[in-house]
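What follows is a group of structures, each given as structure tokens.
Both complexes shown next keep chain A, but they swap its partner, so chain B is in the first and chain C is in the second.
So, the complex of A and B:
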């Protein structure tokens, strides 16, 4: 087997392992391990799309989690406030659509008592169970969330066109903070820090190949998230191999030179923002439906630091490394959670693990600039290039001296 | 809010003319091949202030946009918005209660001075290293925490000022060590993209420091006692409308403005530090060297200033200033490991507003942000919402500033090298 093929074979093995994993693993902590896997895939989507944005296109954005939050909150609000009813309620805002009524619930915010009810609950009380209302489908919310993420990616991409490096980082950080503050402050609509609840991914369970999965089963969300990750990686791979990938890398190296050589820098800069923010929004929307609650804390700078650290430690200029690194680091962080005590001193590992993580991030940046995982992949994929070049040069030199000794002589 | 629709229509009018002014003026100036560094900012404030009446002459005559024009138009915009607000909500404390306004303005100014000091550290680092330190908030937090540890844990009974001094020394050393270990590759091209490297590595430092302190100190808020008590004064004696009256924790001026002791002490200490810093930067050889490096690294090196050493000095000095502003404020707020995040964002806002790398800009920006935050918390009708939005006010300023004039109010018009790049 050729050395170059090792990464491909390994990649196929990893995919096969993750496909088979839910069926072969059967220890007592099954649900917990599956949960870590799902969260790992979620971070993998974020880290790999961020590595496309930061590593390939050189746009160091700190607003990636904000796009994630936009996707999550769009689908949350959509599923929380919109319902279909066959009868008009008479008290809510409603529109007649194709024989049904689209009911918009009025926002009541966080209420500690049950005395205040939203208009739909009041209407249902008066109907006394005679009318069945339906929720909006979850997939529609996820699609809407992705689209909203894309639209905001477009807007942000347009706004940051003129900004470079430090200014871009500050601007995106600002965007993310404004979004977080807005969500925390508009308690009436978003329920603020209390968080907003969502229906789970498959509310009524799902039947696949004769097997019925209930809504708390981990296998359906596991595969949804896993195939999303594969889809995102495939799209990123295709993009990176096409002209798009070349152009955004040219953008990263030297924007002015790229523009001078005829790259439409405006278009590609915006495009890379749109694509990556849609991925983040999609991941956020699915994750929100999986954990069934979303709070503004998910948009905190800590979450963004995790994504950045995962991508950087694994290798920011290789999105596959970033994805694998995200899954590995998520596992590592979870495994390091158990606290222990040395000589009577209680070591709270839930905090110390993050300290180690931060130190690892700084050391990686300082001493292994391409990350820890990406060079390994490159070693197998491109390790032969150096040898081939040396060989080719040597044979060229031999050819030159054989074919035209007189010319070589005249040159020297 | 009685006539809130009028207020929102006014805002819409101002904003849309501002956008039109900003976009079109830049285009017009570009077409006539004129200097566009002020065009976007000038166009948008003139548009926002005077609408089409101001914009059309601007586009026809294309005069050079001066600082006076921008300042006047900005004042008109503020006037319009304030008038609309007063009309919409006449019962608001900001409109009807003069002493409340005076109190808010004074407190905004006082807190603005401290903000300015902290931002000064950030801008000092940027002007010399060309690096935006994302660890600035972490140093602010560490500064306060060190004062707590020195005064309450390690040496109980020491005067807090000694604690502040100790915190400064320790953070200065921490900054110097970090700079030597992690930032040196930035200077000589060992990293491909130094700006991004700097952002990420300071980001990592901030992460590490925050969780290190959280792991060591726990997550309970800590507090340090007041540094000084006010002496009891009441001037002039016994007459009823007093000019100044103090209790131990509070000071009242002219029967209207109330200033709390910790903030006042913090502001006074900040001013002292600031004066010391100005003296250092303008009167000593090392300070002049620092400013020389910030203007032109190569030219400074030719005249015998070691840029390497200046980089180290600037970074550790900047970190120390952040820690110092945390150290003087630890008596005013309760302290947590995450306490640095909002001040860090605020410093970013201030340095972008004032111009990255401009020392006076940082100070003016600090005071402006202090005033805007005071207005934002005092005037927005729903108090709970207003306090949740505090971090957003600054960020809105930052966003607008980056769009209109990325080099900031006092930024250099034609900057060179890594410092001028944006």
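So, the complex of A and C:
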């Protein structure tokens, strides 16, 4: 096995480990560890897609969590407000579709006196159990969330076409904060800081190969998120190896020079926003159905900083490194929660862990600007290049010296 | 036959009138030098021609197609390529990847290995074959200039504009640049060379354009331009003032 194959072998081993993990791990904290894995996969999708946007294409957007939130809130609102009923309620906004009625529940906010007063609740009260309403399918909400993420990615991509570096970062930060503020302010519709509850990924449980999993079992969401991550990484890999990857990197290096060589920089700048926004929205929608609640706090700048830090610490110019880094850092952050005391002074690690994390980020930026993992991967992938260059130069020199005497000879 | 027709081109930046009614036409395999003092408008003219900057008025036609309102990438695909005064290689991409960008932008595919073969041939011509997998940032300044030429060879435009191709280049690498210029010329393509190295310009070019504060003050053969009192006054100075290095072997003596 040569050195260049080692990352592939390690990658296959890591995948095999995570596939086997839910079946071989059996400690008492099983659900907790599984939860950390699922959240780690979620952050891995965000960090790797942000790595494509920022590391490959050079678009330092701070709006990635906003796209995540768009996906999550789209499916949340979709599942919260839309229902199918065989009978018309008569009091809700409703449309007849294929023998059913698409019922749109009226927004009632969060005040306790009005909680049961939405039109659908009133209709159900009057039906007294004689009519069964149906929730909208979760998968449809996730698809819609992903599409909405893509549409907003397209709009933001169009708006930031002329913006570079700090201006792009500030613009996307502004967009993210506006979205968060809007969600917080629209209490009537979004329930503000109270958040919207969502149905679970598998609300009625799921049976796989004869084994019945309840809606709170960790294995189904674990594999949903894991395969989603693998799917995103496969797509990113394919993109990075295609002309898309070549052009977005050229765009990062020098937009004007790329355009002067025939690259439609506008198209690729928008495309990279659309693709990565859709990935963030997809991850957000699935995660929201996993934790069954979404609040505006998930869109906070601290969350965005976490994704940025994960990608930067691991290596922002390599999406595989960003994904692995996100999982490792998520584990590290959780493991660092354990408080301890030094000489009678209690160290509350639930807060201090973020300080530790910040210091790690600063040290990485100062001493390893390509991150901690990406250079390791690069060592295996490109470690042979220097020797190859020297060898080729030496053989070219030999060829030249062979040619020289004969030329001299012909002149003499 | 290649035809680049520039008519009444004007470009203003605020009160600074950088290009004033510039008009000229290039037909076929002409090797043209574009000279002028700093601030004459040479780079602005290049930027307008390649679509990076839109003119305030005037037109540019390349082979009958109007290109002055097209974005840069479409101008490049229409057949006009340029290098930059300050080298702009894709530093965190390998030498080969730098060459793939224009080839794939033209719609060529990696399938069959034709693009790679073409890129390796270009690198051999540029005497940089051994550097194929190195990042461009590992190259010397002169090698990065060659890499820019390599990218142009992959783009294969009908009109090539070289902005200061000889600045800061070692004489040995300069030979490669001269070879490139001769090769493009022999292929029947038009070339505009912007340079302050008068010896090279006079040796290589058969026609000179002289810009001075946005005005095209001369468009003639090197011999006539050299003795044009307006040009001498504006740019060349007296014989004693003229200096330059790197005259290529086997080219016309100035």
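One rule holds in what follows: the second predicted complex is superposed on the first by the 399 of 412 C-alpha atoms of A that agree within 3 Å, B and C clash if a C-alpha of one lies under 4 Å from a C-alpha of the other, contacts with A are read in each partner's own complex, and residues count from 1 in each chain.
The definition used in the following text is that a residue touches a chain if its C-beta (ideal position, glycine included) is under 8 Å from a C-beta of that chain, and two chains touch if they have at least 3 such contacts.
Given the structure is predicted, the values throughout are model-derived calculations rather than measurements.
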Q) For A:123, is the partner it touches chain B (first), chain C (second), both, or none of the two (neither)? A) neither
**Q.** Greater chain A contact set [chain C / chain B]
**A.** B
Q: Give one of first, second, both or neither to describe whether A:57 is in contact with chain B, with chain C, with both, or with none.
A: neither
Q: For A:175, select first, second, both or neither according to whether it touches chain B, chain C, the two together, or no partner.
A: first
Q. For A:322, is the partner it touches chain B (first), chain C (second), both, or none of the two (neither)?
A. neither
(Q) In the overlaid three-chain picture, which partner chain does A:76 touch, first (chain B) or second (chain C), both, or neither? (A) neither
Q. Should A:68 be classified as contacting the first partner (chain B), the second (chain C), both, or neither?
A. neither
Q | Contact footprint of chain B on chain A as seen in their complex | A | 54, 58, 60, 159, 162-167, 169-171, 173-175, 177-178, 180-182, 184-187, 192, 301, 305, 308-309, 312, 348, 351-352, 354-355, 357-359, 361-362, 365-366, 369
Q) Which residues of chain A touch chain C in their complex? A) 243, 246-247, 249-250, 252-254, 256-266, 317, 382, 385, 388-389, 392-393, 396
Q.
For a test of understanding, state which residues of chain B touch chain A in their complex under the given definition.
A. 126, 131-132, 181-182, 185, 191-193, 195-197, 199-201, 203-205, 207-209, 211-212, 214-215, 341, 345, 348-349, 352, 356, 384-385, 388-392, 395-396, 398-399, 402-403, 406, 421-422
Q) So in the complex, which bits of chain C are touching chain A? A) 50-52, 71-73, 76-77, 81-82, 84, 88-93, 97, 100-102, 104-106, 129-134, 151, 155
